[in-house]
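Notes for the one structure printed next.
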Amino acid sequence: MSEAAAVAGAVIAWFGATLLAVADARRGQSLGLLVLTAGLTLATGAAGQPPLAVAALALGGAAAAGLRLRAGRPGWGLFAPGSTSYLVGAIIVVIGAVLVAGSGLGSPAGAARLGALAVTALAAGRVLTVGQRWAALGGASALALGLGALGGATALLAGAVVAAGLGAIDGDEAVEAGG
Amino acid sequence: MPPATALLLLPPALLALAAGAGWCLRPVAPHAGRPVTAAAAWLAIAALLGTWFGGGRAAQDLSAPLPVAGLPLVLRVDALTVFLWLAVLTPAALLLTFQRRTASRAAVAALAAAAALATLAAGSVAMTAFGLATTAGLVLVLLRQEELAGSGAYWAALSGAWLLLAWTAVVLQVTSGTSAYGAIPVTALQLPPAVLLAAAAVLASGLLPWRTWVSEAWSRRCLEAGTFAVALLVPVGFSPLVRTYAVGAGQLPSQQLNVALVALGAFVSLGAALRAQSAPSRRAFLAEAVPLGGGMALLGLGLGTPLGIVAGLACVAGLGAAAGLAPLSADARGPLVAAGVAVLVGVPPAAVFGGWLLAEQAALETGTAAGFAGLAAAVAWVVALAAAVRWARLPVTAPDTEAAPSPRGAAAALAVALAAGVGLTAVLALLVIPAAAEVMPPTGRLARPAVSAAEILGAGTLSVSTASGGWASALLGGPLVAIGLVGAVVLRAIRGRTEAAAAIAGTAPEPLLPMPVTSAPGRVVERIRAVRLPDQYRSLFRPALLERAGSGPPWFWVLVTAALAFVVTR
Amino acid sequence: MLPLHLLALLVYPGLGLVLAVGALAEIGAALALTGDGFGAAVQAPATWLRQALRRPVDLVPPLLAMLAATQLAAPLSPVPPVERNLIVAAVAALAAAWLAGASAWTAGQARTTLLAHVCWILALLAPAVVSESLRPQALGAVVVPAALPLKIAAGLLAVLCLPALLRLGEPECARLPLWLPICGLLVSLFLPPAGDDALGLLGFLVATLVTAAAAIALALLVGRGALYPRLLAPLAIAVLAMAVVTSVLT
Amino acid sequence: MISARAPLGRIPGAPALLGVGGVGAVLAVLILAAPLLPVAALPHLTPAARALLLASAAALALTTVLAPHRVARWELLATGLGALGGQAVLMALTDPLAIAAVLLLIAFGFAARTGARPFVERARGPAFAALLIGLGWAFVQLQGAAWVGRVGALALALGLACAAGLVPYLAAVDAEEPASSSFVAWTGFFGPALAISLPGRVLPALPAGDGAVFGATLVGLGLVNLAWGTIGAWRTASDVEAWRCSFLVDWGLALVGIGLFLPDGLAGSYLALLGIVLVRVPLYLWARPALLGRQPARLNALNVLLAVLLAGAAPFAGFPVRLLVLSAATQTAWPLAIPLVAAMLLGIVYSVRLARALGSHHGWAAVGLWITLGFGLLLGVAPSALRALGGM
């Protein structure tokens, strides 16, 4: 049962990360964050991580998603032109993650790690390739959540706090211009 | 630490105190720095002689409870240290007394001299490296205080020297667990560390056949700092090489290294003599006095025989005298200066002559191969004599100080050089032979001292007498100097004061021997500097691109990481 | 010991003998080279005294010549044989030779002189390197058959160097003090040492004067020809090569 | 001394900056004082990390009070305290994944400060480092194929270099950028913190083979940075670039020291990192006015002493570092010492240039330079005491 939940969580997390990657506006980005947080929460919970840490991850992710609504282009902006590369990347990431950690798929922990790896890779791709401040911050929150989900309680807590903390940073380009 | 032992550290302490005092006195007594530091230097010599000869002349190992730079602070004051201290202190005292210096420069100079003395007393290779680097740094400050240009070669050579010493210390530490001269097992002195030590000495003392920092120090507009650096650092450079013999129980780990050092010594002398005979100015000629003596010293030390070590150290003594005499004779005229120049090229009976004579004898006694190296050194000697005659026709460089240098300085330095030459037997008996004995311990079943005074000094006479020849320095040299002085006074009384032959102003006479390779090292450096990536390949190597890789999406970073990952998974 | 050494410096074989031999050789040189007749030639030593001793620096050549003379293997010399040294004699003599001719210094002449000095020192030291001794009397006494060719060649080279060494082509050169140290050193090194008696002393003086005469004759022979200096370098190289071969053989 | 007296009100995000400064100060104090507090949950620092944190605090105090600045001192203090807190957290955390996450927060937090380069560009380097460290650790933890572990070890080492902004992960240098937003924040502040803590956290968990990859990568990176730094500082036309390259030289020695896994090497790298924080960073800040052309480059007596210090000669900081790193290299494989000695020798070529670029300072700024020189002297003469303090 827990194996199925973990695998489902991993798949949801990967889907959320893909959404985040192809989102070109604030709502789409927040949705992606929310979905990947939900997936990671489900997967890590099923993998037997401490409930408090899992809850913290969920809270951190939710807070990041909420705070990211403050800045960025209005609307959903899903699958905007230029998203194809991210979609291809999402497929390649799955293959890569299975190559690296596929052997652990049999266990809930292995499946959760697979999901976290996929999120980490996609989020990192997002952070390193976007030019807008708000998009980079969104990707960074996802990356923090993914990194947190790769480890134990400490990592989960750190990932949650960092994701929320990154959400608190103003994503408005004007701030940079002004600054 | 017993008081008698502590007294042995007086010389560096006095100089350091004088440096502090001179620095602090600047605001109230701007001119006090020079006399204070000069007095401290002379006092240091007196204190050294008093404490050493009054204290039984026993070697002392002084260790401090606290490490310095992570290294155990061990100082060794033995006969060799005392000898080298005198070789440094004598020219330093002369230069501090007679060269013009501001208070701050005098203070830095005294501090550098104190650091040099501490370096000579260092009890381990690592401490020697630390001391050499410290002294070199202080001297760099002195050089840059005076003139910004012209210290590049110096800084590069000295940095190379201390780095090589540091590396040697590390190698010895790793192979034998210590780099303390007194504790390194004989078997630990293999060829690599010995070569590194020798290379460090060669760099620090400028012992190369071409123009080194020692000669470059004379190409500066002001002579004070550069010549002071030569007086301090050339003897300091020799100390690790001499101590190497102590580590190897009186010998180097390989005969080939001895041969290489002897050959290098002969080439250094020849190179210096050839440069001296083609010097474009009087300063350029004087610049070669120390390298000339340095080559002879290396020749002697490289031989590795007891007489060779004694000869090498005697040459170092002569080198100290030359380092004091040459700068004080620069830019001045008159018979004293001419006599000084004669002394610098080894005209009897001065200290320089005594050292070179012993080096020649030692080379001859070592064997035929070394004898031929001695022959080359003798040719260098002859060429140097010719260069000294040409010196009188060279243009005088305009003095960099307001007034022309005082002839008293040249007179004092000349007196020191002549006294050391006439008293060569005493210098050898009291300083040089005990110093050589420190690095050549008794060997064989009879535990007979390797360096025996009886084999170098004539029995029952005041002369030097080795297997190949003798020299009555006191009995012939002393009267010769006295007769010369009396004769000069009488002649002056009869003929009256006649003007010294004025130097021919303007262009220098052409060299006696052509110097086709003089500019070779310079040309090599220029060639190396001129090396550029051909234009058509510039686009392949643009370091700035590496920075720009981080500006856009970091594909380059990803590529490098992936490539490395591929490499480690092979 | 000091009085004996003073005697050696000031009288015999020092200043006294240096001036005596120098005066005789100068008269001979003046007769042969300038051809001014005996009357003018006799004045040569006095001319040196008048013109070559003006400044304190002019005292250096005679002083160095005195020192070099004390190192010769002269019979009845007060300086003990163990205290004599070829290098002391050679360096003092060469320095004196340079200073004696310093007033008439020209680059071309100086080159020839330097070449002669280098060849001369090689001629003196090559046999010393092989026999590992610098004592003039010991070197003179060497009669090892294997070392004789080198000794003869070196002696020949040393004699050939004499005209340039003594600056016999330069009338204004104050060479009077140089004759004994330079010619006497050749006698000490290349002829067997004479006995410590009057006969030995006579032999030594005659040999020295003959060497001086040979130098004058050579000077007359070569004149101002450019060939002479060019001969010295190849000969010196040959002597070096012989020294190497001899050192390998013995 | 160039120093704008900007009132709080006009600085964008001043309250946030003060908040960050306050939080940073509290975190740093709490983590420093953790051993004295009865709270077991508080993370503890290793002695070396504690020494580095103290050194950073000292450098922060020195530069805030005495260095010439274009920004307001209170702003610099707040930023510095925030950085100090970040440094303390980076060194206190034991889980590399948590370290990677915190690295992200610091990266974007510092990128949010005013800077000449775009926000994203300034955050990219440390973000990539966080990714490398996170993935590297995850790969090492995976019980999968052997190659995965080796790649993980490689990524951990590369992550360290990337976080410090070393070759091959160099970021662009803009002379006009405030020091706190420039490469110095990472190369001179957070990088050393990671270098002190991360190897100690990951090495115990690495199998021998992966450990060898980690060490070899660090040694390789060290040599590359040493070469790049020495040649770059010597040949580059820009003085700012030369200064950055001089940081790379120190880092090269530190990485080689860590990568050799020998006590001498580790001690050498620890001293090198202390030297970066206590000496190199303050000197760079003092050089800024001259680098920006607001002051002529000079070479007075103090600058010459600083040139000796920058050349790594005795009696200053670089000497024991060089001795210890050479010792470790010789113990491992003596030929390794050859490139090290060559680089150390080349290092003296640019030291005078850097010293000249410091310009001449008077009054309190000069006092600050003398104090920095004193730090260098302390590191050079009494490294044993500092090693004892750092448990080395």
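Labels A, B, C and D are assigned to the chains in the order they are written; within every chain, residues are numbered from 1.
We take it that contacts are C-beta pairs under 8 Å (C-beta built on N, C-alpha and C of every residue); 3 or more make two chains touch, one makes a residue touch a chain.
These numbers were taken from a predicted model, which means no experiment stands behind them.
Between B-D and B-C, which chain pair is linked by more C-beta pairs in contact?
B-C
Which one chain sits nearest the middle, judging by mean Cα positions?
Ranked by how close its C-alpha centre lies to the overall one, first comes B.
Just give me the whole-number Å value for how far the CA centre of subunit C lies from that of subunit D.
74
Between subunit B and subunit D, what is the gap in Å from one C-alpha centre to the other?
Roughly 41 Å separates the two chain centres.
Let me have the rounded angstrom distance from the C-alpha centre of subunit A over to the C-alpha centre of subunit C, please.
102
Using mean CA coordinates as chain centres, what's the subunit B-subunit C distance in Å?
Those two chain centres are 35 Å apart.
Which residues of subunit D are in contact with two or more other chains?
124, 128
Please list all residues of subunit C that touch 2 or more other chains.
none
Spell out, as numbers or ranges, the residues of subunit B touching 2 or more other chains.
Correct list: 554.
Which word fits the touch map of the chains here: line, ring, star, complete or other?
Per interface graph, the chains form some other shape.
What are the touching chain pairs in this one?
A-B, A-D, B-C, B-D
For a test of understanding, state which residues of subunit B touch subunit A in their complex under the given definition.
For this pair, the touching residues of subunit B are 553-554, 558.
Using the touch rule from the top, collect the residues of subunit C that touch subunit B in their complex.
1-2, 5-6, 8-10, 53-60, 63-64, 66-67, 70, 79-80, 82-88, 91-92, 94-95, 98-99, 102, 105, 107, 110-111, 113-114, 117-118, 121-122, 125-126, 128-130, 132-135, 240, 243-244, 247
Quick one: which bits of subunit A touch subunit B in the complex? Just the residue numbers, please.
128-129
Using the touch definition from the top, list the residues of subunit A that touch subunit D in their complex.
Within the complex, subunit A contacts subunit D at residues 100-101, 103-104, 113, 116-117, 120-121, 124, 127-128, 130-133, 136-137, 140, 143-144, 146-148, 150-152, 154-155, 157-159, 161-162, 165-166, 169-170, 175-176, 178-179.
Quick check on the complex: what are the subunit B residues that touch subunit C?
Those in contact with subunit C are residues 277, 335, 338-339, 342, 346-349, 353, 357, 360-361, 364-365, 367-368, 371-372, 374-375, 378-379, 381-383, 385-386, 388-390, 392-393, 458, 461-463, 465, 467-472, 475-476, 479-480, 483-484, 487-488, 491-492, 495, 498, 500, 509-510, 512-513.
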